[in-house]
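Here come two complexes built around chain A, the first alongside chain B, the second alongside chain C.
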Partner chain A sequence: MSVNDNLLEVKNLTTEFRTDNGMLTAVDAVDFSIGEGETVCIVGESGSGKTVATESITGLVKEPPGKVSGTVELEGKDLQSMNKKELRQVRGDNIAHIFQNPQEAMNHCYSIGWQITEALQVHQDVPDDEARKRGIDLLERVGLANASARFDDYPHELSGGQKQRAMIAMALVGNPDLLIADEPTTALDVTVQAQILKLLNELQEDYGMSILFVTHDLGVVAEIADRVVVMYAGKVMERGDVFDIFEEPSHPYTQALMECIPDKGRETDGIPGTLPNPYNTPDGCRFAPRCDHANEDCTIGDQPEEIEIERNHEVSCVYYQSGYDSSVVRDSELESDSSSTEMGATDD
Partner chain B sequence: MATEQPDTFDEVNWESVRSSSGIVNLALKTKLMLITTLPLLALWLYDRVAVGQREKTFVQLGKDLGLSGPFETLGLTWNPAGLDYIFIFTIFLFAFYMILPLYENPRMTRYYWKEFKRNRPAVVSLVWLAFVFVVGIIGPLFIDKPEPDILKSFQPPVYATVDTANIVQCVGEASGGTCQGTWQHPLGTTGSGRDVLAFMVHGTTITMKIAFITTLIVALIGISVGTISAYSGGWVDETLMRMTDIVLAFPTLIFFLMITYIYGASLGLFIVIFATFAWGGAARYIRSKALSVAEEEFIDATRISGASRYRVVRRHIVPNTASSIITNLTLLVPGFLLAEAQLSFLGLGDAGLLSWGQLIASGRSSLEYAPWIILAPGFILFFTILAFNFLGDALLDALNPEAESEAEK
Partner chain C sequence: MTEPILSVRNLKKHYPIKSGLLNRKVGATKAVDGISFDVHPGETVGLVGESGCGKSTAATSIIRLEDATDGEVIFNGGNRASETRREDGAHPNDVTEFNKRELKQFRRDAQMIFQDPSSSFNPRMTVGSAVAELLLVHGMDDKPRRRAIVEDLLERVGLSAEDYDRYPHEFSGGQKQRIGLARALVLNPDFIVADEPVSALDVSIKAEILSLINDLQEKYGMSMLFISHDMSVISKVCDRVAVMYLGEIVEIGDVDEIFENPQHPYTEALLSAIPTPDPRSRNEGIELKGTVPSPTNPPSGCRFHTRCHRVIQPPDMEFEQESWRAILNFRDRVAQEAIDLESIRENALGSQDSGSGVTDQAIKSQIRSEFGIPERIEEPTAETAVEEALDALVNEDTDSAREHLMSTFETPCETSKPEQIEHEPGHRSACHLNTSKGKTVELTPGDD
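Right after this comes the complex of A and B.
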């Protein structure tokens, strides 16, 4: 896929927050791109900057205290240099967002129908009855039973899964090119989760939209992703096609994440240690303090350059640089660290 | 719009949809508001431009249409001043933005009513305030302004008596040195011979004016400052909140006395000065509520759907703080009513005004033998203020959707 085909092109995205304790870098020089009709998953444990990265794309980060730099191009147009009016046009028309917790992402003062039609009427001069018709169609499409009656229900009258369906309808009503889904299934139980993922897959085929999916759940990634970006402490650790990542997780962090997938008859201990202090990130690789293979080269300089180990599969680890034996990290997976007993920061 | 749209979703013809006119999309309440406010505005402008000729125009209009008599019964010869226009405007606002939505959304209305009627004193209060409201609006159309008549001073209420030594002439039967009250003046008369009942009916209008116009001013400034400051943050928040501090620290009473000393007392002055310096507490309270609302995820969800800052504040932050706003304003009104009565009692109000406060003040020196002059408006004022307080309390319970949804969790 050539660069020009990309719907979204994020380059050198950095998001900092000015806090009482100094500057906090939540996202540090992150690059990624999303092609048309593609699903890209950003994976990482809580606090690794996934959500802030997506919020920086759409300008949801409050400035100040936040500070976003780098370029975000949607269909070749730079979102950062847009004025408020242009940005508002892009939001809703081109980009839509669904949130982790549908309970909180809905206004309890209005019926779901009102909120769906609002999202439509913000941009387009659509008469109420047409907007209503389209809203009901959408609710039917996202699988809400008895949509025309449900249209006038208030959020508190719906279950969690129904609310998330309504949220998706709300996001889709403007027919976006890019849907950003920030852990949309985390607050739902497993069966509903599967239904929602299936729905998103279907909707993507129907609409030909791209999805940027943020999750910490590798099970979900396997379900939905085309490509995966693994983030840790604001940096990209590894990226590649979903098959490559699952077949051959190459960064020690990705391997550690794979270890954390609960499985029958296998205990998971989580990854020992915690995320580095965001005010004072360690030199070298961010993951080095928790990495089993870290050597002294891992703790000097900057995060290692991303190395393309195979086509479209890049890893940011010193062991893949020339002069190192990458088999140290490649072969070690899945059997080496059963000895670690300390419970670290488990993924929530 | 996306380039490829699958057939499954192509039922809406977007071109025809987009070409439709914008005015169709206006809510009914906005349309009604425009229909009623524009003539009012025109009338006001005409009033400003054609000073002195307006009376004639109305009279002429009445003659031409053969409606002189009915015109007068409808109160159209009544001479509206600036304050009356604002009062009518606030009543339109109240009707179209409070009453109409309740009518349009019967399900929520039933729910609110179910919650509200649990509070018995509040239901009684609501009935009482509705009564006061109706009397204040239509009372003056049926009951003439009480004119002073020194011959009829200190007439007692019906079934009550007064010593003839204190009065000039007795309207009813006088026997054995006491004067009997008559139905001609059911609540008696004041020292200047004004009918107390008529005085009180006209005073109700004044009370309604104070309640509605101050609420409008306080709501307008308080809600804007509170929500904008909460949503914007940064220097906007800082500036607006320091302004609020200044307003809260402002010695309104002294300022009012000073202005009164220079320009003379009037109701308009009272309302404007007290209302423009009373929004500080409301703004702070609303800001504190709006701050927590502004952090909610649905605000992000709305922003991401492309809504403007105005829309986010107006459609999402204000409705979510509405319960606090309504309660706060309801509890603010009694303060203004009391302040007016107190200032009048101290002789610092407009002596020509037919307000409850002035009525109480006029009975001050004759309390000994004519207590009805103070008692009647005193009780009415007391019950009205009590009713506002009960109402505010019950509204807080009935209108709080957050408390409700939290209870369901």
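Right after this comes the complex of A and C.
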């Protein structure tokens, strides 16, 4: 993976929170990168640190009680070392955020048009009528019917899907290089979800921006991602090309998530157990307490190092380390073709 | 066939729209507009549709959290079995006619699970007492016994007896939904309405709760009405499914039948909206554009015709289905006078160099491209009508544009209401396309 091409480079990102019960580590030494025009999905259950990781990128984590360390570089510039003013310039201009619940992310007291043009006029010196025109164009672009009339509507006059479209317009107004979408479709109907995903794909083609997409739903990942990062309890479990992840899910956690996708004729009970206590994470692999294949080596030391099992496909599981038989975890019920066993244990 | 536990006939719920000084009724929002279906003992029936199609209103009207406007809901659970109609035609088990005493008894035999487990619990009450409260209300005075029952139930839904004394905020969303299940089960009901019980949950938790619901149903044998917008969830728990659109049931049948052989285009679209866990099959499938129209003024004929991808073409014309849909969309927008010529002019200007202005031709082709109408429609009559309408539009004569379009383009879908057609026993749909595929059915208002 060539480092220089990347738009965003996150290294060793750790986010902790000081709470009454002690230090809580939400994101623990996570690395990932996003290339230009690429869509990267972070996927995991609630509580696995996906949202905190994305909020740490743009400095949305309140410090204190939060504490963010590690480096976040956007086109080579370190965001962590920026002061408030510089960061404000980056937000909205280079990086834009859309949130899960458009109802809560909007200000009820202002029209959506006002909120869209505000984002524009904060960053650029644009006269009011020009801003209005651009706002209406954008609303049209995101598929809000009758945009010029809806421009002066208030958030409560729009449906959930329309609000999410308006949110996307708000995010796009500064023409960002990176769009961070935090579960943008989770609160929506399946049909509207399909519309929004299609829209994001189209917009990405038109504007050439990169997207960092956070979701718990692998079905959505399959629709939109180029690359996937699977997170669990603040750690990366597996990462790779979307095709590799779906055709050869290699970490037991990824496999368990795959099994959760509701599908006719497949019996699934979810993933037994819950996420580990964030104040006191278990030794060894974070997923070991819920893993079917866990042995005693899984519960000592740190999270296993990520091992590249094929080009750009990395897994953090002891079974892929030398001396282990990776076919134990590879041959889950999902994988039935024999080719996967032939690859055998990895050599690194 | 055994007697159904719940039999809904022609249920309607209209919300009046009032306005003016005297608060006169000026119209009605027809949230539920005449639905009929049965739920048999031990069966789970799904009610599926987008938001705004009236499925939650149907649920609350059935369970009488709201009073229905019209229709019957006959509930034969509890010890109400084998009642027959009185002489005046009324049924003693009609929920919509229950008096206060009967209603309290009904509330014991039918329970509801809500979508958002966080907002359906009192944050100042321990979860144990929230569940035990139902027992108290229905007359169980023995406090230790109440506690024992609830503790046992908490264990059955996968929590522990010690959780009795904890408060709702100490639980995760999935755990709260388990408590919601315990609360629904504590009175040992015959019938449960579950209103989107898993849509606020993560996929992994969702799978867990769905499998718990299946287990509990097997154990307790209750019947269920399960409401969801997600076909994939329906497939996990339901035996039969009713697809709702704008207050009406457009298709009903066995889950397997509906999944393998959907007869209504709306069902087809809903099935196609399920994200497939296969990155190689992206962007395939039917896109359902827009949202459910307002139930205040629903479209005529088949209510789905404004969004249907299979909308029927006029008998004397033949188009690409896509162009036909585009022309209809254009026609509807013109009829609503919602064409913004100013912005179209600007868009057309954007595509060429700015200067003196835009030619009428450029505006016309801009309109065509915005609606996806091809530059030349093969059908000559259609082409003439579209062209004439565009000319009228450019000259800001909306009325004559509308006339041109309305007189030429008319789909059978909007002129008459489709009948319910039976495909297989128990599998019905209401779509004009299926008229030749089966025989029409008339649901009898009797006891099955």
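Following the convention adopted for this analysis, the second predicted complex is superposed on the first by the 331 of 348 C-alpha atoms of A that agree within 3 Å, B and C clash if a C-alpha of one lies under 4 Å from a C-alpha of the other, contacts with A are read in each partner's own complex, and residues count from 1 in each chain.
Here is the rule we go by: a contact is a pair of C-beta atoms (placed from the backbone, for glycine too) under 8 Å apart; a residue touches a chain by one contact, two chains touch by 3 or more.
Fair warning: this is a prediction, and the values are worked out from it, not measured in the lab.
Once the two complexes are laid over each other on the shared chain, residue contacts for A:104 go to chain B alone; chain C is not touched. When the shared chain is aligned, no partner comes close enough to touch A:295: not chain B, not chain C. Looking at the shared chain after the overlay, A:174 reaches chain B, while chain C stays out of its contact range. Look at A:122: by the touch rule set out above, it reaches chain B but stays clear of chain C.
Once chain A of one complex is fitted onto chain A of the other, the partner contacts of A:242 are limited to chain C, with no touch recorded for chain B.
In the superposed model, A:12 lies in contact with neither chain B nor chain C. Contact with chain B, but none with chain C, is seen for A:89 once the two complexes are overlaid on the shared chain. Shared interface residues of chain A, touching chain B in one complex and chain C in the other, are 133.
If you check the complex, the residues on chain C that touch chain A are 50-52, 172-173, 202-211, 229-233, 235-236, 259, 269-270, 272-280, 282-283, 285, 287-291, 338, 340, 342-343, 346. Of all residues in chain B, those touching chain A in their complex are 1-2, 4-6, 8-9, 11-12, 14, 17-18, 20, 22, 24-25, 233-234, 296-298, 300-308, 311, 315-316, 319-320, 322, 401-402, 404-405, 408.
Touching chain C in their complex are the following residues of chain A: 45-47, 133, 136, 140, 145-148, 159-162, 189-195, 197-198, 201, 216-223, 225, 242-243, 246, 256-264, 267-272, 274.
Residue ranges on chain A touching chain B, taken from their complex, read 55, 58, 60, 62, 64, 88-93, 95-97, 99-101, 104-110, 118-119, 121-128, 130, 133-134, 137, 141, 156, 167, 170-171, 174-177, 206-209.
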